[in-house]
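All chains are identified by letter, namely A, B, C and D, in their written order; residue positions are counted from 1 within each chain.
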Amino acid sequence: MPDTLAIKRISATPSALIPLESLRSGGPVYSKLVDISKCIGCKGCEVACKEWNDLKVEQTANFGSMQSHKDLSSNTWLLMRFNEVEVGDDLQWLIKKDACLHCEEPGCLFACPAPGAIVQYQNGIVDFNQDQCIGCQNCVSGCPFDIPRFDKSTKTVAKCNMCIDRVEVGLEPACVKTCPTNAIQWGIKEDMLALAEKKVETMKRRGYEHAALYNPGGVGGTHMMYVVPHGDRLEDYSLPAHPVASPAPLHGLSVLRRVGSYLLGFGVVSALAHFLAVGPESPEDEAWEPKP
Amino acid sequence: MSPPRLLRFTFFQRAVHWVVGVTFVVLLLTGLAFSYPSLFWLTTLIGGGPAARVLHPQIGAVFAIGLLFMFVLWVRDMFLDAPDRQWLGAIKHYAAHEHDKVPPAGKYNAGQKLFFWVQSLLGVVFVATGLLLWFPESFGPGLLNTMRLLHYAAALSGGLLLILHVYLGTVAYPGTARGMIDGKVTTAWARLHHPRWSGERVEH
Amino acid sequence: MAISRRTFLKASVAGGVVVSALGFDLKPAYAAVRQLKIRNAREYKTVCPYCAVGCGTIAYVHGSGGLNTTKTIIHVEGDPDNPINGGTLCPKGASQMGLAISPRLRKSPMYRGAGASEWREVDWDFAMDWFARKFKASRDATFVEQDSQGRTVNRCNGIAWVGSATVANEDAYLITKTMRAMGLTYIDHQARI
Amino acid sequence: MTNHWKDIKNADVVLVMGANPAENHPCGFKWALEARDENGAKLLTIDPRFTRTSAVADKHLQIRPGSDIAILGGLIRHILTNDLHHADYVRAHTNASFIISGDFGFEDGLFSGFEEAGSRYDKTSWSYQRAADGYVRRDPTLEDPQCVFQLLRRHYDRYTPAMVAQIAGCSEQKFLEMADIICSTGRADRVGTIMYAVGWTMHTVGSQIIRTGAILQLLLGNIGRPGGGINALRGHANVQGATDHAIVAGILPGYLKVPTPEQTTLAEHLEASTPQPLVPDTVNYWGNYPKFMVSLLKAWFGDSATTANEFGYHYLGKPDGDATWLSIWDEAYHGRLEGFITLGFNPLLAGPDIPRLLQSMSRLKWMTVIDPFMLDSAEFWKAPGMNPAEIDTEVLYLPTTHWIERDGSFTNSGRWAQWKEKAIDPPDGVRSDTWVLSELFWRVKELYQQDGGAYDEPIQNLTWNYLNPREPLLTELAKEINGYDHATGQLLSSFGQLQADGGTSSGNWLYTGSYTEAGNMMARRGTADPTGLGMHHEWAFSWPANRRVLYNRASADAEGRPWDPTRAGIAWTGREWIGDVPDYGRTTPPDAAGAFIMTEEGVARLFSSQMADGPFSEHYEPVESPTVNALHESVPVNPVINWYDGVRETLASEGDDFPHACTIYRVVEHEHFVTQNVPLLVEAMPDFFIEIPEGLAAEKGIENGGRARVWSKRGEVEGVAIVTKRIKPLLVNGRTVWTVGIPVHWGFAGGTSNTHASMANLLTPFIGDANTRCPEFKAFLVNIARAEPRAT
C-alpha cells in the first residue's frame, strides 16, 4: 500500500535513485489552508494532532499565556501561538497555528545528509523518517520556519507529517478534520488557492485591507498556506516575510563543504606532486648495510 | 642480519598514537559522511547512518582522551629551541631533500613540533564544539550552527594534516613508519632525519 | 607482509562500497508510513459528553466482540454526517477518548465513616445496603405528611438530590420519577449554576 | 435556544453577550462565523473581557461585569427613539398594544406594589386593563399612554447613551456604533440573533437580563425567525434534557409545575396551573396542562393512578417554598438537611462561596456521591483547612459508568435529542446510574415492606414495568417518556393525542413523538436539508414535535407570508403551513389566532407580570459593586432578591478594601472539572491562572507569568498571572474600575495539575437571582496583590 505514494524527493539521494514507482504521475497535490480570521485558538487541532499521532503528553506549566507550550517539540508538532497586538485603538489577538508548512522546496530535505530520512511525496507532504534519521539536525538549520525539533530520547528529529497515514487512505489530516470553525481547510492545492482568493476578498470586505495569502515563493510555495488578515504584519504572527529554502547557516555550510573538498584535494595533489618531484628521501644507501 | 635499531617510541606512546590515529580516521570518515551526501555510504563502515550518529561522538570521546595523553606524553619535547628556528628558516631545503642545507634536527624537527601544536589546538576545537553538538537540545540553534561550522572547519584542517602526516610518515620518508609500528628506527634513518637525537643515542 | 597499509586501506574502501551497494536499501524511506490505526476498528456513533452543542462523534473500538474478548476504545473523532458539527470537534471533544480511558476512573465503591481521615473500600452490597438504610432513616425522620395548616404535603425535607446535566435523558427521567415518588423536593442540577 | 445551532448561519447580525461560544461552544460557534463570512453578517461581542470570540468578531465592546441591563436598556431606547423597531412585527406578534392598569408605575428604582416587609412585589397593578367582554383592552395604534409600547418607551428613556456609558464604563461612541449594527435588523429583510449563556443568567438580575434581550429581539422582530431568536448556550451535554426531565426544583417533566401546599386537590392544582385566555384569538396551548399532568401521573403510578386518588396527586411532595440550589445549601448550612445525594456533578466546586459550602457539608449526616471519578465533593473532608476528625458526615462513593458505556439520548442546546450508541462495556466493578437508582429504589421499597415507616404508598405504587427491574433499559425508559395510548397499547406519536382522563400516559409530553411505533426518532440519521436553512428534520428529534425553530409562526406576517422569503420559517399556502413544523395548527389559517400559541395573550410579552422583579427590566448593581447605582442611588441592588441568613456579613461592605470587579469563566480547554482527568487537556491548559489587565498589574508589581493572589471577603486564590491587554480599565461613574478574570476549572482533589487548591468559587458570593436563584457568579469584588513564586 505505501508504495502507491509517489515520491518527489528523498534526502541525500540523487533523483536517479528514486524508486521506479515514483515515475507514475503523482496524483492529487494537496494543501491545507488556514484562515486566520476564523481561528479562535481553541487548540482543537493541537490536541487532535497529539491524539491521532499518539504523541506523548508533556508536562506543561502556564507561563503567563493562553499558549500551552512555550515551543514546539518532538512530541508537540502543532502549537497555537498567541500574541496580543495593539495598533492605536485596535486590539488584535493574533492566534497562529504553528506547524510544518510542507514547503514545495523543502530546506530541511536539502540540508539532510541521511538518505531517506526526509521524503517529499508528490502529494506535497514532507515526511521525516526517524528510522533513517541520524540526528545531525542539519534539517533544523535548513528550515526557514524553525519547525523540526530534536528528540533527546530517540536522538532523532520530528515534525508534522500532515497525518500521512490518513492522507494516504483518502482522509484529511486530523487537525483539518477537527477544526471547529472550518479555519483549516483541505483539498487540492489549486482549489485551496482559489478558496484563498475568495477569503482574501471576504477579509477585505470586512475591512482588512492588507489581507493576503501566505504561500511564500522563496520555498516554492507551501502545502499549508495561511490567509492572513494583516498581511502587512507577518512578523506579529512570527511568519517570515521572505523565507528561502537555503537560509544563511546553510550557505556557510555549503561554502565550507566546497572549501573542504578543495582543501583535501589540494592536500592529496600536492603530496603527490611533491613525491613525483623529489621522491622519497631515505637512507637506503646505508640503511640496510651494517657499518664497517 | 638486521640493521641496528634505535628505540624511538615506547609501547605506550605507540598505543596512544594509534588510538588517536584510528579514531581520527573513523571520525573523519563518518564526519565526511554526515556532511557530504555523496559520501554517506561511508557510515556503512561502522554499521549505517544511525549507528554512525551514535558512535561518532562516542569515538570522539575516546579520541579526546587519546589526544590528552598524547599531549602529556609529548609536550615536554615540543618546545621550539634555537636550532629549530634555524630549521624552520631552511624548510624549503628540507622539502627539496637538500640534506646538507638543513640544520640538524633533534628527536623532533621543528615541523613535527608545529604539527603537534596545531593538532593540539584543533583537538581543543573538536572537543569543545563536538561536546556541544553531542547535546544539541541544550543549546540554541544559532550557537549550534556556529559550533557546527567550527567543527567542520577543524575537521577539514585535521584532514589536511592527516594527509600531510601520512604522506611524510610513509611515502616521503620511508622508514619513518617503523617507529610507530615496532617503535624502532634504523640508525641510518635517525642519522639522516634526526642527527642530533641519533648522536645522543649512539648504539653500543 | 604482502598487504601494505595503503593497499589495505584501498581494499577496505572498496569493500565499503560493495557493502553499501548491497545494504543500501531505499525501501524503508517511503515504506515507513504507518498504517491507519483505525483500519480494523468497529465504529459506534455517539455524542460528545461535554457541552451542549451536541457534536456527533464516532468511537473506534478494537475487539471482535467475541465471547473471550473485551472491547478497547482506540480513538474518537467527529461524525461527519452530524449536521451540527460536521465531523469537527474542539480540544475537549478531540481528546474525549482520554476521558473514556482516564487512569483516574474508579472501579470500587468507597466509604468514609464519621471522623475518619481515610476512605475504606467496600463492596457493592454493603454500599447499596448502607445507602438504602440511610435514605430510609432520613426519609422517615424528616417526612412531613401534613403541614402546620393540616394540608397534605407528603414531602421529604431531609434529603436533597443534585445532578445531573451529564446523564442521558432516560436516566434523568428515572431520577426525577424515583426521587419525586420518594417525596423529595430538594432536587436540582447544573442548570442553575 | 429558541432556534438551534446550525440556524445561526442564517443571521445578519450575531450579538454574543454573556457568552463566549468560541471558548465554550466552538463547534456550534462555527455557524456564527459561517454567517459572518457567507452572509456578510456582523459578529459582535459585548463582554467584560476581550475573549476568543472577540478575537474573530467584527466589533467588541468591553463592559463592567453586571452592567448588562444598562447596555440592553440603552439598545431598547436606541430602537424606540430612532424608530428602528420592526413595526409590523411588533403590532402583530407582541403585546405592545395591550393596555396596562393605570395603577402601574415605576419610581426611584421600584415598580408599583413593592412591599418593603417581604422584599416582594404585590403584582396587582402589573395587570392588563380588561374590556367589558373580560378580555384585555388593546390599542392597535400603540398611542395609548398606558399601552405596553408607550410604557416601554417611557421606562427605557432613562437609558441614554451617556447613562449607559457611565454605568457600563464603555465609551458612548463605541456603544452607539454597536447599537447601530444591532438595531439594524428591525426590518423584514434582515434578521439578527443573540447568543447568550451563563454570563447573563448568573446575576441577581439574570432573568431580567434575558428578558431585556427578549424584548430587544421582539422589537426588532427577530423571534421565531430563522437566523433570529434568543439562544441560550448550555454548558453541559444534557443540561437541556435534564431540565426538560426536571431534575429541577419547582418543575416536573415537560415544565409542569410542582404542586404547592395550597393546591390541596388535583383540580386546584390544574386550575392554578392552566392559564385562561386573555384575548379571544389565542390558542393558549397551556390550556392542555391537565392532559400533560394526568398523563405524567399515569406514567409514574400506572394502575394506581385513578380518578379515585386524583391520579396519585398526593404521591407528590409539595414544598413549602423555594427548593433550589442555594436553598438546598442553606438547609444544610443550618443543619436541617440529613442526607445529600449527588450524581454526575461536583457540587462543592460548583459553588458559590466554597467556605460556606464546606461548612454546610460538614453538617450533613450522610452523603452519597455517584460519579465515574472521585470528586472533590466526596473528599470535602480532605479539603484544605478541614479537619477530618471533626467531621461526622458519613460519605459513600459509588463508581458509575460514563457516557460512552451507555446508550441513551442527550438533548443539546438547540433542543435536538440525539441518541447515542454504547461503544464499550463498563469495567468490572462499575455499575450504571440506572442500576444504582433501581437498586436504591428496590432496597428502600423492600425495607418499607419489612419495617414500615413514613408514608410509603407512592414508593410501593411507583410503576416499574421493566424487563430487568434491577436495571431498566434506556430504550424502555425512552418509550415511557414518549408515552402510550392505554386503549391500544401503542406508542403515541404526538402530544396532541394526550388525554386528561387517564387514557394515555407520557413521562414528558415535550418528548412525545420521540419514540413512536415507527421507531426511535432520536436515532434518526437523515441528513437532508431541503430548505437549505439547516433544519434537518430527519436528523434526531427536536422537541416539541420535531420543531426546529420555536415560535416560528412569528417568522411570517399577519397573512402568513414569510417576512423574508429567502429565510422562511413557515409559510401559509392557503391551505396549510409549509417549511418547519409549524408552531401553530398545520391547517389553522393565519388570522385565526395569535402567533405565540403558548401564551394566553396569543402574542409575545414585552410586558410580563410573571417576573418577580418587575414587568420590565431595570438595572440594579450586583450585590458587590464598585460603584453606586447611577439610576437610583436609594435602590442600588435588586430589591426582591432573597437574602439567606448570615449572607450579608459575607459581602464586601463600606470600608472594606475590595476595589476591583471580578468575574469567573471557563476556558476552551476544559469543561468544568471533569476534564482535569484528561491528560491531553491538562497539558493544553495546565494551571490555575488569573487574568490581570496590564495597568493594574503594573500598579501592583505583578509580572506576566509570575504569581498573583486574589481575595474577596469570602476566600482567597493564588495562581499564575496572565497580564493582558484584553481587559482595559473602565471609567465608571467617574472612577477607574479594573476587572480581574478567573477561570473555574481547578479543585483540590488531585487533578493531574498542580493548582494549590485555588478554586474560583472560594471567592463568589452566596446570593442569587430574584426569579431563579441562580447565583451571582459573574460579578463581585476582590482585591489583588503580587504573590511570591512557589515551588511547584
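The rule is simple: contacts are C-beta pairs under 8 Å (C-beta built on N, C-alpha and C of every residue); 3 or more make two chains touch, one makes a residue touch a chain.
Here the structure is a predicted model, which is why all the values come from computation and not from measurement.
Visitor: What is the graph distance from subunit B to subunit D, where chains are linked when they touch?
Guide: The distance in steps between these two chains is 2.
Visitor: Quick check on this structure: which chain has its C-alpha centroid closest to the centroid of all protein C-alpha atoms?
Guide: The most central chain here turns out to be C.
Visitor: What whole-Å value do you get for the distance between subunit A and subunit D if each is reduced to the mean of its CA atoms?
Guide: For subunit A versus subunit D, the centre distance works out to 48 Å.
Visitor: Centre to centre, by mean C-alpha position, how many angstrom separate subunit A and subunit C?
Guide: About 36 Å separates the centre of subunit A from that of subunit C.
Visitor: Which integer distance in Å separates the CA centroid of subunit C from that of subunit D?
Guide: Distance between chain centres, rounded to whole Å: 27 Å.
Visitor: I'd like to verify one number: the distance from the centre of subunit A to the centre of subunit B, where each centre is the average of its C-alpha atoms, in whole angstrom.
Guide: Once rounded, the distance between the two centres reads 40 Å.
Visitor: Which positions in subunit C touch two or more other chains at once?
Guide: Residues 24, 85, 88-91, 93, 95, 98 of subunit C each touch two or more of the other chains.
Visitor: Residues of subunit D that contact two or more other chains, please.
Guide: 26-27, 30, 668-669, 679-681, 684
Visitor: Two or more other chains touching the same residue: where does that happen in subunit A?
Guide: Only 13, 42-44, 46-47, 51, 115, 117, 131-132, 180-182 qualify.
Visitor: Across the complex, what residues on subunit C touch subunit D?
Guide: 44-56, 59, 61, 70-73, 76, 81-85, 88-93, 95-96, 98-100, 102, 104-117, 119, 122, 124, 127-136, 138-143, 145, 147, 149, 151-178, 180-193
Visitor: Where on subunit D is subunit A touching in the complex?
Guide: Going through subunit D, the ones touching subunit A are 22-23, 26-27, 29-30, 33-34, 36-37, 40, 50, 52-56, 58, 60, 667-669, 679-687, 689, 703-706, 719-726, 792.
Visitor: Which residues, counting only subunit B, touch subunit A once they are in their complex?
Guide: 1, 3-4, 33-37, 40, 43, 49-50, 52-54, 95-97, 99, 136-137, 141, 144-145, 148-149, 152-153, 155-157, 159-160, 163-164, 167, 171-175, 186, 188-189, 191-192
Visitor: Going by the contact rule at the top, pick out the subunit A residues touching subunit B in the complex.
Guide: Of all residues in subunit A, those touching subunit B are 11-13, 113-115, 117, 131-138, 140-141, 146, 150, 152, 155, 249, 252-253, 256-257, 259-261, 263-264, 266-268, 271, 274-275, 278-284, 286-290.
Visitor: Residues of subunit A touching subunit D in their complex?
Guide: 37-44, 46-47, 50-51, 57-66, 68, 84, 86, 91-93, 95, 180-182, 199, 202, 205-207
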